[in-house]
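Two complexes are shown next, each including chain A; its partner changes from chain B in the first to chain C in the second.
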Partner chain A sequence: MNLKKYLKVYKKFLHTSLASELEYKTNILVDLITAILSLVGSIFLLSIFFQNNGYIGGWKFEQALIIQAIYTILNGITNTWFNPNLTEIVKHIREGTLDFVLLKPIDSQFFISLKKINPSGFLEIMLGFFLLLFCIRINQINLSFSFLSLSFITISCSICILYSLWFFISTTTIWFVKTWNAIEVLRSFLYIGRFPLNSFSFSLRVFFSIFIPIAFITTIPSEVFLGLSQLWKIVLEVIVASVFLITSRKFWLFALKFYSSASS
Partner chain B sequence: MVQNIIDVRNLSKSFYISSKEPGIKGTIKHFFRRKTKSLKVIKDISFEIKEGEIVGFLGANGAGKTTILKMLCGLIYPSEGSILVSGYLPFRRKENFLKNITLIMGQKQQLIWDLPPIESFYLNASIYDLDKFEAKKRIKKLSEMLEIDEELFIPVRKLSLGQRMKSELLAALIHEPNILFLDEPTLGLDINAQRNLRKFLQKYNKETNATICLTSHYMKDITSLCKRVICVHEGAISYDGKLDLLLKKLSPVKEILIVCRSEEDVIKLENSGFTVKNKIKNEITLKIENNSITSSLKTILNNFDIEDLFINEPPIDEVIGKVLIKKDYDIKFD
Partner chain C sequence: MLEYRVEIALWAISGIIPFFMLNIWTKNNLNELINISDVMLSRYFLCAFFVRQFSVVWVVFSFEEDSLMGKVSPYLIQPLNPFFRYFAQHLAEQITRFPFALIIAFFFFIFNPKSLWIPNLSILFLSIVSTFLSFLIQFLIQSIVACLCFWTEKASSIERLLFIPTLFLSGLLAPVVSFPAYVKTWIYLTPFPYLIDFPANLLSGNKTNIIGGLSMQILWIFLLFPLFRKIWSEGTKKYTAMGS
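Take a look at the complex of A and B:
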């Protein structure tokens, strides 16, 4: 793979999608306000849950706020990259415009996963980071090199798992044509990621760890922040992320063999 | 000797399709137990195309023209048979193969809707690994050939269909491909825009010796661009050869309208052994076979008092239409 070429193309993707989005200023403004209100609403909701007891699943409010911060960062990444691109796959397949992507001398997964960005998602990422910094302060977390490295690894793995899950569902469009509902179900499962895994019953914990690994997406990175994580969990998250990423790639290449293109 | 750039052998393609009965009952049945069947849309076809040729694919809607084009450019896997395009197996979509070809579809667009076309051109240039200087040079050259200038800087959504199609062409040709697959490129364009597009394609073919495979329902596209046509009927090739030969075979007679000075001459002509199509007062229309047209005209001019004479070619749409409905008109060629 020619890395220089891919960087050049990505620079162009950034430029064209930013320019496209900036054509609609009001839309960006509405998105920004929505992102702020959504974060405020989520924190308010979380604070209500903690009002009676002060603990949920063994987590204090200040600790649970870390999960909220990581969730906000991931949701920002979702809104910046995954949502504008991966939902477009369905459109590409239904309307047959995937033809143009497949005939370009560039990796088709790279093209359809990164062509667009939604700039308003950046604000959500920034808000998430600010909240995370605030959590680091109130939870008196020591910012050591190993802590930063583990945080980076676990958050990166979370992004990979989330991307792979979404991409996998979108790829099934090649056979099923319409998969909006499945993506909506995935998004609603992600909301669950705002709460500590321990706050759910055993059966749900198993479900959210094995079948839809929401647990890996927010809880494990949060545990790293609080120094509660065990090494095996981090290793497991790396393995799960790698398996998901490789499987989604293989699945895409396999699915393309069944692409019949839309009729003209 | 000119090399074959496309070589297709015993190519077939089957699709699984589902059918649904009408009404709510049919919908519920379709939802729970979908009936699917394999449908062979391309049936054992073989042909070759030489470098620099412009070949038109003719056929009714659903005949399989677009499926053939999509298999040639590597979008769909063939079910049986082999395809070689420029020495490559198209469905493998190797980088060098993709740099050699382009697909233009009249009903689909790749330009970024909210931005001026120039942004899409530079994006495509980066995908094809062209530097800024080279991209600028090619955009200038192609925009001159396509006669577009200011339109390059106006958002695509504000361009007319004709301007958009020209921009689509430029976006698709920026990497200077030597094989062009065009699927109804003039669809929806007005007469002038169609003519300009045809003019451009002729010029592009002449200047670059690019091979062009074209499907169109506008006969003018076919007659002005293609010397050779491949007729597709229900997934099989019903004719592959020169267009003028096809026209001659399908339309072996010409109609000659003769205006006589008197009605007596009309009666004399009617009884002189020619096939009469119709007659009105002192005008008579005769049907004369192409191979005897010169001798027949000579006889008429020498023996009758003629005021005026018109030779009418049958409308090409009507003639080609016969190819598209093979059930009604079976083509037999030597």
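Take a look at the complex of A and C:
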């Protein structure tokens, strides 16, 4: 792996996809309004849950807001990178253009995972950060070095898990050709990430920690922010994230063996 | 449509968010405060799932694709409004979705046997009518948005924007009864509660104003249909036959 080469290629990717996306400027504005409304909507829903209750699953309203903030950041990242690229895989495979990707003297996973970028997701990430800063103030969290590094580690792990989940599903396109709806299923499951894991019943909690580790994606980073997280949970998240990343890589290489180019 | 069985099954699964919401409501005993029993609330969310399954609309995405690929041109020559084509596609897919929705309901009752009930025939008929009316309202709204393709090319982002209030205000995630008073004062004037909350309440046997709800649904259809006709005739004049 030549890191310099990849950085250079990535710069080109950024340039071309930003140029093409900025063609649709009003679109970006509409997407920003969508992100804001969707955040307002989920806070509204939370406020319904909390209107007569002080606690949901052991979380106060101010604490549950942290989960919303982290969810918004991660959703922004999904919309910026994962969604535009990985839905493109479906197209590549259906139209047989994956051939051209495979022929390029560059890693195919790198190419299809980072080719495109959707700038409107940046605004959503910023929105999430503002909410997070606000939460840090109202929850009176002390910013220390160890806290910052722990939260950085857990959020990066969440990003890795999220990426692997998306990549897994997109990879299955090689067998099933159309996976739009599988992506839709993943989206609806990820929606659970907006709420603290403890507010669900035991069986769902097990399901969302083992089969689809949504629990790790938002709840553990939020616990780190509140200083409630035990060390073993953080270690576990790091392990889960690396397992997911490695298997998603292996799965991609395995799937490529079954790729039998379409319409060419 | 039957060619894509797996797809449609996945679609049905992707609609299970109401069940997750039900889980939050009952696990935290939130429903006691709005005076709905566990059983009634689980029926409500099951019905919300059903109504959503049979009123989902995606015409804007199909139309946008067709319009960007230039497929709309041959449709325009035909003497039938192309939206009839999409309308028929939607109906066909709803029928194929029915068995999958039944399977999910079956599992729901296995896990939750107390909530099993059989609505009487007239209620069943009325709720099918109101679900269809809800489908019509959403189809009209999306067709209007789809016609914006004639001006902006990417109408689907406007649809995603409109989807947010639909998601939060239609009663898919929380019944409208539970909303705070300052929202309840104006929400019944908007089309949103008639999309899911009203048909779901009707079917599940929760308290609702049947005549008021149905007439509001019909009123909205009468308001939206001329608007669609207008924007369609304006839009076809602007049509530039992209991609062909």
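As a convention for this text, the second predicted complex is superposed on the first by the 264 of 264 C-alpha atoms of A that agree within 3 Å, B and C clash if a C-alpha of one lies under 4 Å from a C-alpha of the other, contacts with A are read in each partner's own complex, and residues count from 1 in each chain.
Here, contacts are C-beta pairs under 8 Å (C-beta built on N, C-alpha and C of every residue); 3 or more make two chains touch, one makes a residue touch a chain.
If you're wondering where the values come from, they're calculated on a predicted model, not measured in any experiment.
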Looking at the overlay, what does A:140 touch: chain B (first), chain C (second), both, or neither? neither
Which partner chains sit in contact with A:26 here, chain B, chain C, both or neither? Use first/second/both/neither. second
Is A:204 touching anything from chain B or chain C once the two structures are fitted on A? First, second, both or neither. second
Quick check on the superposed pair: does A:49 touch chain B, chain C, both, or neither? Answer first, second, both or neither. second
Could you say whether A:2 touches chain B, chain C, both of them, or neither, answering first, second, both or neither? first
Partner, of chain C and chain B, that touches more residues belonging to chain A: C
Chain B versus chain C as contact partner of A:104, first or second or both or neither: first
Taking the stated contact definition, name every residue in chain A that is touched by chain B in one complex and by chain C in the other, in rising order. 24
Residue set of chain A touching chain C in the complex reads 24, 26-27, 30-31, 33-34, 37-38, 41-42, 44-45, 47-49, 51-53, 56-57, 176, 178, 180-182, 184-185, 187-188, 191-192, 195, 199-201, 204
Would you tell me which residues of chain B are touching chain A in their complex? 15, 66, 70, 73-77, 93, 95-96, 98-99, 101-103, 105, 107-110, 112-115, 119-120, 122-124, 126-129, 155, 183-184
Would you tell me which residues of chain A are touching chain B in their complex? 2, 5, 8-9, 11-13, 15-16, 19-20, 23-24, 95-97, 99-100, 102-106, 257, 259-261, 263-264
Within the complex, which stretch of chain C touches chain A? 4, 6-8, 10-11, 13-17, 20, 23-24, 27-28, 30, 33, 152-154, 157-158, 160-161, 164-165, 167-168, 173-174, 178-180, 183
